[in-house]
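Pasting the structures in now, so scroll down.
In the two complexes that follow, subunit A is the common piece, with subunit B as its partner first and subunit C second.
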Partner chain A sequence: MRTKSFLRCSLLMSAAAVLALSLPARAQLTNLQQQEWLNSPAAVSHIGNLAGRAKAAAADYRRYCVGCHGELGDGNGEVAQWLDPKPRDFQLAVFKCRSTPTGTLPTDEDLFNAIARGFDRSNMPIWNTFTKQERADLVAWIKHFSPRWQKEKAGEPIQIPPEPEVTPERIKAGEEVFGKVQCWKCHGVQGMANGPSASTLTDDLGRPILPFNFTDGSRPKCGNTDRDIYKIFMTGLDGTPMPSFADNIKPDEAWDLLFYLRTLQPHNAFNMKEKQIAKQLGLKPVTPQ
Partner chain B sequence: MTSPRRYFAGYLLLTFFLVGALPNANALPAFARKYGLRCSACHEAWPMLNYFGQKFKDNGYQLMNDRDAPIWQNPSYWPVTFRITPFWHRESTDKVAIDTAAGPNTSQRQITSHGFDITGLDFHTGGTLDKNLSFYVLPSSDETGAFHFETVMARVDNLLGSPWLNVKLGKFELDNLVSEKRILTLSTFGGAYDIYHFIPVGDGNLFGQIGDNQLGVELMGHSANDRTRYSASLLSSSDGNPGLLYGNGYTGFFTFSQAFDTGKLGVQRLGAYAMIGEASTTYFTSNGVPIPGSGIGNKSFNREGFVGQFYFGQHFDVEVVTQHGWDSAWFGAGYGDFPDGAAPAGNNTSGTVLPVGARAPSWNGVFFETHYVYSPQLIFTFRPEWVRMSQQASAAAPSSLGNLNTYVFGYRYMPIMTSRAGFAIFNEYSWNRQRGTAPDGTDLTGSSLMLGFDFDF
Partner chain C sequence: MKKQPHLKLAAILSGLVLVGLGALTLNQKVSAAGGGSITGTVKLSGTAPHMKGIDMSKDPYCVKQHENNPAKMENVLVGEGDGLENVVLYISQGLTGNEASAVPSSEPIFDQKGCMYVPHVLALDAGQKFKVTTSDQTTHNIHPLPDALKGNIPWNKSQPPGAPPIETSWKNEEVAISVKCNIHPWMHGWHVVVKGPYATTDGKGSYTMENVPAGSYTVTAWQEDLGTQTAQVTVAGGSAAKADFTFKAK
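After this line comes the complex of A and B, so read on.
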């Protein structure tokens, strides 16, 4: 009996010791890995003719980014606990705003543009105060946090066909696509982010997430131009419930959908024609199918 | 070991002990608490702004991410920051007039004093009232606790949806790219930029001090990334004093600057400013005492110069400000400064004529403020500043009378750098010499040594 107790006790203590030793070891290993990556060929970025070096961004990352994204790039900086939405976890290397197919890594240019664009309705500011070189360096720095960048190549940017002319027929066709692919389930029949599934949505990490509200004047996170929104349909927002529709709708249908969604937005610089046509058509909210 | 050496060794030891004893913690005030950004995101070293901080300020204290309005904040959020500074300092002036048995001010001697001290309390409160509508109020006290309003202003941003149209009204800091209100050095001779306050010897124009907060309205605008910016202000010629104490003079203050992307070096900025104004030199009197608000006889003055902010990578930068100043001969003769009592040269009443040979004083000045940013938590700064008279108000005055040389060296170490509070250990030495202003007409020299804690919450 005493022997059994002793053995049990020893096992427990050993397990505790292994656990205790493994915790700091994991952190240290991560740091070591990161140092190795910093010196590897993967720790660079290429945006046009611009080459970014990760090491050159260390000071900028510490000054501007570490409070939210954390020393290890895990999105767990000192203020992360107060933020909603949470800062990006660079260790996962999953990014919403890409020009590449769903499930693939974004291009360097995608990250480069995201830094300068910032993210509306989040705490990520518009960092257009950096020089292009500084931004390119930061892109390389972001990439050193995840081994995915060493193992995988960025996806091939999707082809965006020329944008057709907005017509009443196209807007009506877009309305049909909106119903057919069930955008309304999350975004609501009027695009007010109040669809039947809206309150149940979570991101890949299980955190509640809201669908985009087209009617409150918000700017889409990945850019507000027609091409930006087209890309969202065809690449999806990885890490969120917004899927890619590349396999479900044709490019022409994506443009139609875009034109219809523009009619749901308040007047802005991008939807004057769509709003005018919608008024003439007397569009009504889609009927859930 | 000589006495000054002992002092020096003592405060160095104290500094290093304190620096070593403090943990490498994290923290930040009002805006940082709101947005969860570290001090270092907006400040090259608190309180000096960096480019991103300047853009945030130019946007009306907004990140422009659709979460700026207070409706998005936790209801318990209260946009207030306190700032006060306890410190030890040593002040020395080499020639101070003193009384002797022979009579008052019949001799002069060096006066050196040192001891522990405090600054006044700054009570910053500012932020957005709604999207594109913000405010800033700063009741500020002297070290005895007597308060005045240093800043009181509201601003409307992005009028007509354009970042080029932003208006603020009230009492505010002029749009100086190198801000004296965010200066890194605080000592007697290093705590202000001389050219922002320079008044020639005997001159009565206190209205041309671009370093003082002024009452007025400002229109400013900037490009989306803040590379290009301008401002135009219409100010009461009162040096920021409320209550319509002077006359009905107005002053314009104009700035323009353009920043350039220079790759690895960073973003460089070149700009210019001009202050053009007029202010009273004549006051009606009652029983010989000037009547507040009765000023007439406006005379003109101007200040203009260039500003440069040059970055040489992430660790070293230089800020340069130049100034050419000119005052009307009436100011040069001492008219203008009244309402704390009689004007030094009397009141410019009807029929008063300028002294024979009175001329409009003019001068040129420049300072270079260099920063070595070892890390976002440790910054070293050195600033030489020179002012040279180019024309004295009186032809009889020595051409160098009033010329200034100031040198300041210091560092700030910020062991706390998060989104909750700011804390800095600072240490600096400043030295100043002004030609011909000692009681005996020789040069007057002063120095200041300072070590303290600067904090805000």
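After this line comes the complex of A and C, so read on.
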């Protein structure tokens, strides 16, 4: 009897201690809530027909991701202090590369693609060493760090109309959009990341950040296909100064703008036609108004 | 004869009940009409801090808007009689669920004008719609930065010249959400999202908080640089209670 009640008492006390220790410093999930979430049927990801299970990714995360993104997923891993840009904070769940409108959660597929693509000019490598199943599991795992995934649904992906044919008219129209919505304020009239506002830009946490330089051969962080770039200015890169232009650029105009942006890049696999047309047109940089 | 005292008692009792019911309904009427208000002034004691001029040379358009009235920071605005402008007053304790969740139908405007936010501080109810507009012929991006873990989600939208208004609202109370324009780094404003009645001080530091039901409350005064102060206020139905605040200059 005595040992039994002693056991019970010590069990209670240790439970209390665990609870006290896991008291959140910010509105993060408690360990208990995290465990519950991990065991719930909701702790999954869906990418096409592929279903990822959070629990299956625990070992991969611990081995490959924890160093930068941290035990708690807050982007404060052991080496984070030496990195710039900083690792993503999965608790805040504010993501750059989305197919969804600004201020919404990305889709599972957005996260799935981001893992495989990696982030150019950052310490996030291309993780194409994972199988698709492993990546899907990791997406489910990433989502368990933020209470937002339990309260909010992912945003509705934006509609992207089929890509039209590149024409000189479209490139000229795109240049007009570039001038009208004043992309050059940050990116510069030649896309060299030297616009008047470029030097004072900061991210959401107040850290200095540079606008994208179209001319130096950098790969855009959210991918370099036409659709990837289209998404950037129609969804914005949340957490950065890059806003969404969805309310001010029509879907068709957005393709024009994309074609014009291609002319600013050095020759690459995606812009042969655009470069040729720009040369024929003798395209000059926009004049700031 | 025997029955009379019983009748008397019954009459007295029913009379009391009627009076009680009357008082109750009267009381209800008062709170239903919103009745009372809280009014007062907010002042600054000590030397008003110097508000630095703003260098807008990054954008010639912005410079031009301030040719005749040089732009200055707006963190601490002191007016007539040391009145403190842009202080938000709200009820932090004492409201019932119903009173707190009533959302005004008015739709305030947060304008971008002369590369500044007008008003610099916008008080709102959680769930109240508001409009972000631009009066400027230069592109702004409007970038509110709430704490994503407290229920309001940060977003970032552009507003080029002639852009339509952005109509939106904040889901949860949050004191306060910082609002930035990345293109014009000096542009900084606040959205103060509360539940229940609120008021913002004018150029003289005075305010009136309308539609406050009778009751006892804790009123909080929030100033972006000087922090918060609280006062206990009792509002009697249909009358105006007074609450003055004084912030010390830093």
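By definition in this document, the second predicted complex is superposed on the first by the 258 of 289 C-alpha atoms of A that agree within 3 Å, B and C clash if a C-alpha of one lies under 4 Å from a C-alpha of the other, contacts with A are read in each partner's own complex, and residues count from 1 in each chain.
Note that in this section a residue touches a chain if its C-beta (ideal position, glycine included) is under 8 Å from a C-beta of that chain, and two chains touch if they have at least 3 such contacts.
Not measured: the values here are computed from a predicted model.
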Next item on the list: State whether A:S244 touches subunit B only (first), subunit C only (second), both chains, or neither.
Entry: second
Check: Is A:T129 contacted by the first partner subunit B, the second partner subunit C, both or neither?
Finding: first
Check: Looking at the overlay, what does A:E176 touch: subunit B (first), subunit C (second), both, or neither?
Finding: neither
Notebook entry, point to check: So, A:G236: does it touch subunit B (first), subunit C (second), both, or neither?
Noted result: second
Notebook entry, point to check: Looking at the overlay, what does A:R121 touch: subunit B (first), subunit C (second), both, or neither?
Noted result: first
Notebook entry, point to check: If you stack the two complexes on chain A, which partner ends up touching A:E71: first (subunit B), second (subunit C), both, or neither?
Noted result: neither
Note to self: Which partner chains sit in contact with A:D226 here, subunit B, subunit C, both or neither? Use first/second/both/neither.
What the structure shows: neither
Checklist line | subunit B versus subunit C as contact partner of A:L92, first or second or both or neither | finding: second
Item checked: In the complex with subunit A, residue positions of subunit C that touch it -> 58-59, 138-139, 141-143, 145, 147-151, 153-160, 163-164, 166, 182-185
Check: Where on subunit B does subunit A make contact in their complex?
Finding: 26, 35-38, 40-41, 51-52, 55-56, 63-67, 224-226, 261-264, 266-267, 314-315, 375-376, 418-419
Note to self: Taking the touch rule as given, give the residues of subunit A at its contact with subunit B in the complex, in rising order.
What the structure shows: 56, 59-60, 62-64, 66-68, 78-79, 82-83, 118-134, 218-219
Note to self: Which residues of subunit A touch subunit C once you look at their complex with the stated criterion?
What the structure shows: 26-28, 91-94, 102-104, 146-148, 151-152, 180-182, 185-186, 196-197, 200-202, 204, 236, 238-248
